[in-house]
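Structures are listed in the sections that come next.
In what comes next, chain A is part of two complexes: it sits with chain B in the first one and with chain C in the second one.
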Partner chain A sequence: MKVDNKPGRWLTAALLAPTSMWFVFMLIFPLIVILVFSFGERAAVGGYAAGFTLEQYANLPSRLKAFQNTMVIAPAGTLLSLLVAYPLAYYLALRVSRRFKLMLLVLVIVPFWTSLLVRTYAWIFILGGRGIPTLLEFIGIEGVRLINTPGAVLIGIVYGYLPLMVFPIFVSLEKLDKTLLEASSDLGSSPFKTFMQITLPLSMPGIATGCMLVFILLMGEFLIPAFLGGGKVFFIGNALVDLFLQSRNWPFGAAVSVTLVVIMLITVSLYMRMVMRSKTGRDESLM
Partner chain B sequence: MRIYAIAVFLFLYVPIGIIVLFSFNAGRHASELRGLSIQWYGKALSNPFVGDAFVTSLIVAFSVAILSSLMGTAAALALQRLKGTPRVLFDGLIYISVMIPGIVIGIATLVALVTVFDFLNPLLASIWPEGSKPPKLRMGYASVIAAHTLFTMSLVIILVRARIAGMDRALIEASMDLYATPWRTFYQVTLPQIYPAILAGFLLSFTFSFDDFIISFFVAGANTTLPIYIFSSIRRGITPEVNAIGTMVLAASLILLMTAQFLLRKRTRR
Partner chain C sequence: MSKSDDNKPITAKKFMQYFRSYEKGSITRRHFLGVTGLGTAMTVMGTAMPSLWSGKAHAFGDLGDRMVFSTWPNYQNQVNLDEFSAMTGVNIQVNAFGSNEEMLAKLQAGGTGWDVFVPTNYTISNYVALDLIQELDLSRIPNYDPDANNPKFAGPATVNGKVYCVPKNWGTTGFIVNTKKIKSGPKSWKDFFDVTMGKGSGHTILHDYQLTTIGAALCALGYSFNSIDAKELAEAEALLIKSKPHLFAITSDYQPGMRSTDAWMSICWNGDGTQLKNDMPEMDYVIATDGGEIWTDFYAIPKDAPHLDAAYAFINYMQDPYVQARDAAVHGYAPTDSRAIALQPDSLGSDPILHPAENLMNGLEFGAAQTLTDPIRAEVMARFKSA
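Let's look at the complex of A and B:
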C-alpha cells in the first residue's frame, strides 16, 4: 500500500483528528490546568485564585497519613494479589486441559468487568458485624472486628484486582516453551529447581505487567478504602474526594493530585527500565 | 493445586452470590435472610430515582460505546500508516490515557471544564441578544461522556490494533491487485476481519462506562448515574433494595460480556 501519496496523508490525518482532539482537550489540557492550579492560591469562597506559590506543596504533610497509608497498603496489596494470583495462573496455564483453559480464564476475568462498586460492597456484608464475626462467635471466638481495618482493605484489594494480576501472568506462562520444562526434569532437576530456574524467570514479564497495572490502579483507589476502611484507613483518593467535593480546597487538591501523578510516573519509568533490562517484550494485552 | 484453584474461584464468586441471594430477601433488614421473595425488585423498579439513574447510565454508556468504537477504529487504522515522532507521541498518549487512574481523570476534567465554563459563560451572556436567556455551560452528560471516552477510545485502539497486526496482509494486496478501490478493499476485506475487535471494544466500552463510579462522581454535575445512586444509597445504609439494584447491574454486565464472548467465538469459527 502506498503511504506517502498526498490523499493518503490527508486520510490519515482525518482519521486521527477526533482522537487527537480528545487527547488535547480531555487529557493534556486538563493535566496542565491541574498543574497551574497547584501553584495557585485558595480563593476566599473556596475555588482558585491565580498566583505562583509553593504554599500548597509545603502543605502536603497535612495529608501525610493518606500518603503513608497509600504507599504502604498499595504495595502490600499488590504483593498479596501476586501471591494469590500466581498459583492460579500457573494452574490454568500449565495444568488444565486445553478445553477448559479458556473457559476458566474467562471466569477469572469476568468479575473484573462487572461493577467494582457492587462487588466491593458485598464485603461490607461479609466482614461487617453480622458476617464473619457472627460466625466466629458460634465457634466461641468473640470480639473480632474485621471491617474498617487495614486487613479488610487488603482483602478488598485482592478481591477487586486479582483478575488483572492473573491475566498477564497466565499469558506469559502460556507462551512458555514446555519442552524446556521437560528438558529440565529429564536432566534430573527437582520440580522446585525447575520452577525456580525456568518457570519463574520466564514468567517475570507477566509478573511485572500485573504488578504495575495493579499498583498504579491502587494508587488512585477510592472505593475500597471508602467502603472497607470506614474513614480509618483512607487513601490519597479519599483525601482528593474530600478536598475537591467537600472542603473545596482546589489548589491544595491539585497539588495532591500532581504529587500522586509524579509518584506514578516514577513507578512506571522504574518498571520500564526493569523491563528493558530483562530484554523481554511487553504484553500488548490489557484486557 | 486444584483445591487451591477451587478456593480462589469461590473467593471470586461467593460475594457476588451473597448479593444475589440477599436481593431475594423477604425480610426488611438487609443482613437477616427471612425467606425468599422478589418484592425488592418490584420496589427498585418502581422507584423513580432508580429509573432516572438507569436511563442516564444507559444514555451515557451507549454514547461512549458508539463514540469510542468509531474514533478508536479510525485511529487504529490510521496509526499503522503513521511513523516516526507522531507515532511515538500517539503511542505514549494512548498508554497514558489507559494507565492514568480514573480519579485523576475525573479531577482534571472537573477543574479544567469548570475553569473553561467560568470563562465562557460571561462571554456567551455578553454576545447573546438582549431579552433572550443565554445558554449556561455546565457539567452534565457531555462532560461524563467525554471523560469516559478518553479511556475507552484508547482501549478500542489497543484491541483493534492487535487485530490488525494479526491480519493477513496478502488479502489486502490481492484486493488492490484486482483493482478494488481503497474503500471497497476496506469494506470487503479489512472490515470483516477487524469487526470482532470493534464489537468487543464497543461492548467493553459500554460496560466500563455503565459501571464507572469515580469519573462520573466528579464530572456528572447534577446528573445521577446508577453507580452514583448505589453509592449514595449505601452511604445511607444497606437495604435489600440496593442488593436488588446491584444484582441487576451485575446481570447487565454479565449479559453483555457473554454476548461479546459468544459473538467473538461465532466469528472466529466461520
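Let's look at the complex of A and C:
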C-alpha cells in the first residue's frame, strides 16, 4: 500500500488539525502577543499602549533579585526533591510487595485531589510559630523561625512537587531488569557498587525527566513563595503576578516573560544536551 | 418544634405558614431560615420548588438561576447570601479578591462574567473613565436611601452628576498592635516603623498593597498618604527597603500571622481590627496620629454584567437596613447607612474601632484615583518587594 495516497494524506491532515490549531492558537499566537506587548508602553491607568520602545528591556535589572532568587531556589528545590523522592521511588519500585504497591502509589497521588493552594496554606500553620517551632520548644530548641524564610519555601516545594519527581523515577526503576542486580551480586559486587553501577545509571532517564518536570514548573512558581515566603522570598513568578495584576504594567510584564522564556530555552537545551551526552551508546529513550 | 420533627423535612403547608409570618415580620429571618432549613437547602428550594413562592416571590420576577459576586475576603454574612438565593432562586458565586488593582485588571481584560462587584472609592472614577461600569437606575434599588447615607462616604459614587454605585461599608486603615508583645504603645506611623526596626524587629507585617504600604511610609515621613511626588516617593521607598529585613511578611492576609503571635504589628483595616480584638483582647487597633486612610466600599455593576436583573435585585436586597446590620455583625465594618447603624447592637454602634471619634479621623485622607494608578507608586512597590 502506498503511504502517500490522497485519502491517507487528507486523513493525516484532519487528524493533525486539532493539535496544530491548538499549537497555533494556544502557544504561537499568545507568544507573539507577549512579544509585541514587550515593546509597548504602559497605558496611563495601566495595561498596554501601542508603541515601540526598548525601555521595558532596559528596566529588567530592577528585577534582578527576583531572577536570582528563582535561579538559585528552583535548582535547589529540584535537587532536594530528587534526594527525597529517590529513596521513596526506590522503595516503591523494588522493595514493596505487589499487594501494597498500588495502595502506596495511590497514597502518593492523594494530595493531588486537593488544590495546591489549600495544601500550601495549611503549611503556613504547620511552619508558623504555633506549629513546628512550638513542638521544638518542648525539646528545648527555642527561637526557631521557619515561616517566611527560604527554607520554608524549599519545604513547600519538596512537598508540592514530590509526586512529579517520584513517578518518573518509579517507572524507570520498575522496569529495571532484576536479573542484572542478581548477576551483579553473583559476580561479587557490594550492594553499594551494584547500586552505583546498575541501578542508578538505569534510572537516569527517570531522574532526568523528573528533574526537568519539576525545574520547569518551579521557574514559574509563585504560590509557594507568596504563602511560605511571606512575600519576602520573591520569585520571578511573583514579579509577573505583580506586574500583570497589581501594577498593571503589562509591557514590562511581557518583557520579563520573554526574558524568562529565553532563559528557560537556554537552560533546558543545555540540560538536554548534557543528559543526551551522558547516555551516549544507550538507546533507552529519555522520556 | 419538638425534637422528633427536627429530622423530618418541613411540609409545604408549614413552610408557607412560616413564610407568611416572616412576611408579616412576626418572626426573624434567621429563625425563618433556621426552622425551614433554608439556610442549608436554599438552592434546592429556590430552583426545584418554585411553586412554593406564590406570594412575594413573583415580585422578584424571573431573575435566572445564577449570578457572580466579586468582593473582598471575610466581607459578607453567608446567611444573607443564602437568604437571597432562597428568596429568588439565584445562586451566588462569590469571588474574593486581594486588591482593587486585581479587580481592575480583570475587568480591563474583559469577559469576567461578574454581575456585582465591590470597588473602593478611589477606583470609581477610573472605572467610569474606562467605561467599565454602568450608571445605576436607582428606581430599581428602592432600599437605598441617599438621605440616610453620610455624603462624606457616599460622595465618590457620583461621577459627572451620574450615580454609578451605592455604598456598602466604610472604614479606616491604621495598624494593629499586640500589646502583650509591644508595650511602648506606638501611636503614629513614625512609631510604627521605629518599633519595626527596633524592639519589634522581625515581627511586623506590611500589606502587599501599594496604596496602604506606601501610604503608611509617606505618613511616617510627614507626607500625604496620597503623595505622587517623585522625591517623596523615593524617600518612602528608602524607608520601606530599610525596614524590609525587619519585616515578618509582606502580605494582605495578616490575620493568621497576628493570631499565631508570630507577628506583633501589622497595617490593618479596622474591620480586621475588630475581628482580632474580639478574639484576643490584647490587640489594639490604632488610628495613627500622623495620618492614614479612610475609605468607602461600594456595590457596582460592570458594563457587561450578564445577569442584570439579578444584580439589581441583589444590590437592593443588600441595601435593606436589616440585611446591612446583619452583614456588619459578621465582618466588623461599619455601614454608611444610618438606618442600619440604628439596628446594630449598642456594643457595635458605639464601638470605637468601627465608629471612631471625629477628631481622631481629622488626619485621615480618602485615597485618590491617581494614587491607585500612579506608575511611580506601582514601581516603588514592585522594587520594594523584589529588593
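By definition in this document, the second predicted complex is superposed on the first by the 246 of 287 C-alpha atoms of A that agree within 3 Å, B and C clash if a C-alpha of one lies under 4 Å from a C-alpha of the other, contacts with A are read in each partner's own complex, and residues count from 1 in each chain.
Methods note: a residue touches a chain if its C-beta (ideal position, glycine included) is under 8 Å from a C-beta of that chain, and two chains touch if they have at least 3 such contacts.
Note that the structure is predicted; figures quoted are calculated from it, not measured.
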Comparison of chain B and chain C by chain A residues contacted: B
Touched partner set for A:V33, first chain B, second chain C, both or neither: first
Touched partner set for A:S62, first chain B, second chain C, both or neither: second
Which of chain B and chain C A:G231 touches, first, second, both or neither: second
Chain B versus chain C as contact partner of A:N249, first or second or both or neither: second
First, second, both or neither for A:G128, with chain B first and chain C second: both
Contacts of A:T114 with chain B and chain C, given as first, second, both or neither: first
Which of chain B and chain C A:F100 touches, first, second, both or neither: neither
Contacts of A:W10 with chain B and chain C, given as first, second, both or neither: neither
Touching both chain B and chain C, residues of chain A: 124-125, 128-130, 244-245
Residue ranges of chain A touching chain C (in the complex, touch as defined): 42, 44-47, 62-63, 65-66, 124-125, 128-130, 145, 147-148, 226, 230-232, 234, 238-239, 242-249
Contact set on chain C toward chain A in their complex: 99, 101-102, 104-105, 108, 126, 129-130, 202, 208, 210, 244, 247-251, 256-257, 260-262, 373, 375, 378-379, 381-383, 385-387
Chain A-touching residues of chain B, taken from the complex the two chains share: 1-2, 4-5, 8-9, 11-13, 15-16, 18-19, 22, 30-32, 70-72, 74-75, 77-79, 81-82, 90, 93, 96-105, 107-113, 115, 146-147, 149-150, 153, 155, 157-159, 162, 172-173, 176, 204, 207-208, 211, 213-214, 217-218, 227, 230-231, 234, 238, 242, 246, 249-250, 253-254, 257, 261
Touching residues on chain A, where the partner in the complex is chain B: 1, 3, 8, 11-13, 15-16, 18-19, 22-23, 25-31, 33-34, 37, 48, 84, 87-88, 91-92, 95, 104, 106-108, 110-111, 113-119, 121-126, 128-131, 159, 162-163, 216-217, 219-223, 227, 237, 240-241, 244-245, 250, 253-254, 257, 260-261, 264, 268, 284-287
